[in-house]
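In the two complexes that follow, chain A is the common piece, with chain B as its partner first and chain C second.
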Partner chain A sequence: MRGIRTLLILTGREVESYFFAPLMYLVLAVFLVLNGLAFSYSLIDMQGNVDATVRSFLGGSILFWINILFVPPLLTMRLIAEERRSGTLEGLMTAPVTDVAVVVAKYLGALTFYVALWAPSIVYLLVLKSYGALPDGGILATSYAGILLLGALLLAIGVFASAVSPNQIVAAILGMVFNLLLFFAPLLSLQMPRGRLRLALEHVSILFHFQNSFAKGILDTGLVAVYLIGAAISLFLAVRALESRRWS
Partner chain B sequence: MIEVEHLTKRYGDVLAVKDVSFRVGEGEVVGFLGPNGAGKTTTLRILTAFLPATQGAVRVAGRDVLSRSVEVRAQLGYLPESVPLYPEMRVEEYLRFRAALKGVLRRDARARVLSALERCGCLDVRRRMIGKLSKGYRQRVGLADAIVHDPPILILDEPTSGLDPNQRIEVRRLIASLGENKTVLLSSHIIPEVEAVAERVIIIRRGEVVADGAPGQLLKGAGVGRRVRVELKGEAAAGALARLPGARSVERFELGEGWLRCEIEFSEPGDQRERVARAVLDAGAALRELCAPSSSLEDVFRSLTAADDEEPGGAR
Partner chain C sequence: MRRPGARTFGRGRRLGILLNVLVMMGLAVAAAAIGIWLTGFTDLRRRFDLTQAETYTLRLDTTRLLEGLEEDVEIITIFDRLTWHWDVDQVRPKAMEYVVDLLQEYRVRARGRISVENLDPRIDFDRVRDLFTEHGLSQANVVIVRSGKSRRFLGLETDLAEFDFGAASPVFQPTRLLAYTAEEALSSALFEVTQAAQPVVHVISGHGELSLSDASEMGGSYIGSTLTRDNFDVRPLSLIAERKVPEDAGALLLLGPQTAFLDEEIVALDAYLRGGGKMLVAVDPLGDRSLDPLFERLGLRLERNIMCYDQKGVLRGASVTEMWVGPARLGTPGTYGSHEITNTLAEDGVVFVVIRSAAVSPADEAIPWFTSLLSSHPDTFGDIPDGQTKAGNYQQDPRLENAGQRCLGAAFEPGGAYAGARLVFVPSVAWVTNRALYNFPGNDTFLRRSAAWLIGRKRSIQLPPRRPRAIVADLKPGEEDEIFRYTAVYLPAGALVLAFLVWLARRR
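Showing the complex of A and B:
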């Protein structure tokens, strides 16, 4: 009970801190501009085909993937690295809170802000109504679930990057490198002859996951589990890194 | 309340704390002294469960700091050396957050926060942004943070650094009043500071405890010799003083017109004034002043920690 209360207090403060950080408003602005561009390009390219527009806007456009891969590290970079650099980590970790609570609270704060970033995009989809049709509800639901799962995984990776970095710049770069590896390494499969290895790589590609599953209205529980387990492992490693405190 | 046994802390190859053992009893106010880099901050960080020890056992309020770390931290009020605060928060808001984190119930929070602010003299800045406060106020907000949950044990790392002389006296008074019903361990490298509030001092040097006792007791032991100060006229006499049996060192100051002030430190205890007077007169010099200044804790500290102002290792 006391643990839950502590977690809520910490999470509340983390969510609040996003709205006190000027840099986060910049991230918010850039994100919304890119997302707006992604939507209008999709709309123009698909010439009024509602379902094709949705597929392009959510999962099909380069701008979508730029937002997915580069924004989470920017949200998480300061979380632990900055507290360590400024020394506030000492005050935080000598209060009666567990390392797990600190990491999870920071993660939940980032996830909340991430959801707040994506929420306005739902409004765009209402625009499609003016073309006479609403997009397929099932596809929309799984696409947004995919965005949430990707966020859950990449933000956890970002929290880990922040936990092992001496400052937030390093944390951001490290997080982006992890994400780019995750995105591009499996795409090497496109250069390979058909075979087991190619199949295996396609299986772990977040791009293929999105286009072949989430964007098609399929919510594969195995896939959901993989994303959540990946997030849990990253957070576990972040807790370990925080415990070691070698850089204090 | 605090028990440290054979504590050792290693950072890579650097041994920051070597086999340190001490105890702080309930209700005691203990000063933790040492030159910068002697291992004070490292030791305090281990006591507050921020850093793990390489070897040794530390118990606070009867609990092991490693295995029951959260329980230990709930009993502690800690003021870190760097006084880390969130600059974007307002003073009262920050203390509300800290109080909640330390388990103060919501209905008590307002009263506790206001009383901590009042005791530390920060009531007038409670709506200000922490980032805009002066160093002195920040130090006091840190102190308010340490006491906001009314912990039985306070660990204060350099509580008066960055304060002006008036504020120092206020903080000293505050610590003395807190010490009436709390166990306090405070570190400092300013001796009069500690002497004013602590019943007992522990002196640490290069990661090792070199003295532990009441200030009076340390003066008696600890190998601080008796000092004699004389003012005389005549070089020959000054030389004769250096040759006195038991004279460890002679410091000389030119006073002008041929007068010299010599401070002789003897390795053996006891009053040496008579011997000094005889030596000066035997050398045919004029004598105009002779006294034995009482040695202070500062002398104990200097003699125990001489020749290492800054050392590698320890906290940055």
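Showing the complex of A and C:
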């Protein structure tokens, strides 16, 4: 119980640090510009067909994938690497909190801000509604669920990258490299002969997940597990990386 | 006090920590792999369809079928996704995508009984080529459903989706995707390959007919592979040797006999038809005439004149004329009649090609069970041949050869002593040769549909089609710009204002 309270307090402080940083609002502004462009162009490209617009905007446009792959590392880059560089991490590590609580709190803070980044896109739906066309609620629900799950995974990878990097620039680059690998490596399956490896790669392809499942209104427990397990593994590795400071 | 630079742990302790870390990480990765495998590749996997129209939710009949599957089934899609600028290419990929998505549901629901392989002829070239060779396929955009020796082939446009191909000019009326019929087609195919008995089709031989073993252009080997694709068991039949039609015959195919039948053979055929037999008759206008009396008893009158058309749509050779029959909007000289054999053809715009044809008509005009499947253009005329085996001059002799619309193929259910029998009659045989079946999808479909109608095959599982949802925002000129301003300018500007306010607050 005490551990949860500590976790909540730490998370609250992390969330506060996001929302009281002007830089984060600049990130939000850039994010909204890209999202706005993606939405408007999708609407024009799909000739007003709202379901097709949602599919294109949430998973089918290049701007969506730029946001998804590059924003999480920017949110997480400073979490551990910057504290380590500035020396504030020592203070945190000597406080009566566990490494797990520190990592999870930072992760949850980033996840909260990530949700806040996507929240304004609800306005787009209101815009569509004002023109007499509402998208399929199921497709919207699974698309946003997909975005949340993908964010959960990529932010966890970002936390791990931050934990193993000497400074935030390296952390951001490392996080982006991980994300790009995650995005592009499974695409090799397209050129592979049929077999278990191709099947396995297809199963972990975040692009295929959106195209074949989330953007179509399907929630697949197999995919949910991929994201949650992937996030858990990344956070576990981040904790181990943090702990490794005590070994030297 | 510890000396600066001194190690916290000894060498052995550090090695122990390293081992511990490695083991822990290995266990974590293994646990992750097991978790992903359990949730993604076993019975634990579930897919929830949250779409409002439940687009991907399998119907009860399908789920019962899948859960009761006792044999392994292989489903292979061969879809060519290359998009040209034709209007049909804009909607065809949607239907392909739907079929692939639906098959995911089938696979998950069948708990390992179904394997699905999605092939693109441009990527999986070798595999597709092998399948084409194995099954005598000539066109992509098919789904193969096979289990053991049974197989069914489903065409994208003929079985899996319903299209409105619009007008001849896509500018005025582009092709539209009307409905997805994939679930009915796939579930029926699954049922047929796993549970239904395989209907037997006998191909009569011994009179110079098209041979199932002749793989040349003018041979008939594709007839076997075409019908096998629809789960028919195709066997040759020598009436001379057997003296009667086997009891297991679902239907007979008579494909261009050139020499006369013996009396015993005619008696055997007559007995078969009197017993409610089913028969596809494709006779060459210049071929054998020994069966004409039998046809007349059935109520069919066959003109032996070769149908010709002097205008668009006819290619003339030394002994061949080609008559193109299709939907009127395609501008073909001939048209389809309304019948379950030709209805799909008419919707698809697939053209049937009749090569060197005569005309057929009911012996008695009052016969109600005669349906013309293929009609020629009103300007066609029957060219009277020179003698029994030579074609005429292909020129209309107005004194003898009258122009007029004629029936080039009919579905026929005789009454009286032959009640219960069914015939598809096409007074031409070249339409069913390897060359024709390979080059003209309409001929292939016509043959398959005819065989299905003859044996009375309905879809084993009947399910209503699903309509694609298309809600379109009613945007007026200028409103797109307005949306752009709200979403890509005003909203981000709000974030910048917030950034400024936070900056101000922090400065204070």
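Just so we're on the same page, the second predicted complex is superposed on the first by the 235 of 248 C-alpha atoms of A that agree within 3 Å, B and C clash if a C-alpha of one lies under 4 Å from a C-alpha of the other, contacts with A are read in each partner's own complex, and residues count from 1 in each chain.
Definition applied: a contact is a pair of C-beta atoms (placed from the backbone, for glycine too) under 8 Å apart; a residue touches a chain by one contact, two chains touch by 3 or more.
Quick caveat: nothing in here was measured; it's all calculated off a predicted structure.
In the superposition on chain A, A:Phe20 makes contact with both chain B and chain C. Touch criterion met: A:Gly87 reaches chain B, while chain C stays clear of it.
Residue contacts after overlaying the shared chain place A:Ile9 against chain B, while chain C stays out of touching range. The wider contact with chain A, measured as residues touched, comes from C rather than the other of chain B and chain C. Contacts of A:Asn49 after superposition: chain C is touched, whereas chain B is not reached.
By the document's definition of touching, of the two partners only chain B reaches A:Pro96; chain C does not. When both complexes are aligned on chain A by C-alpha atoms, chain A residues 20-21, 248 touch chain B in the first and chain C in the second.
Contact residues on chain A toward chain C in their complex (touch as defined above): 19-23, 25-26, 28-30, 32-33, 35-37, 39-40, 43-44, 47-51, 53, 120, 123-124, 127-128, 131-139, 141-142, 190-191, 193-194, 203-204, 212-213, 216-226, 229-230, 232-233, 236-237, 240, 244, 246-248. Contact residues of chain C toward chain A in the complex are 8-9, 14, 17, 21, 24-25, 28-29, 32, 35-36, 38-41, 44-53, 55-56, 100-101, 104, 117, 123-124, 127, 469-475, 479-480, 483-484, 486-489, 491-493, 495-496, 498-500, 502-503, 505-506. Of all residues in chain A, those touching chain B in their complex are 2, 6, 9-10, 13, 17, 20-21, 86-91, 93-98, 245, 248. The touching residues of chain B, counted against chain A in their complex, run 45, 48-52, 70-71, 73-74, 76, 78, 80, 82, 84-86, 88-89, 97-98, 100-103, 145.
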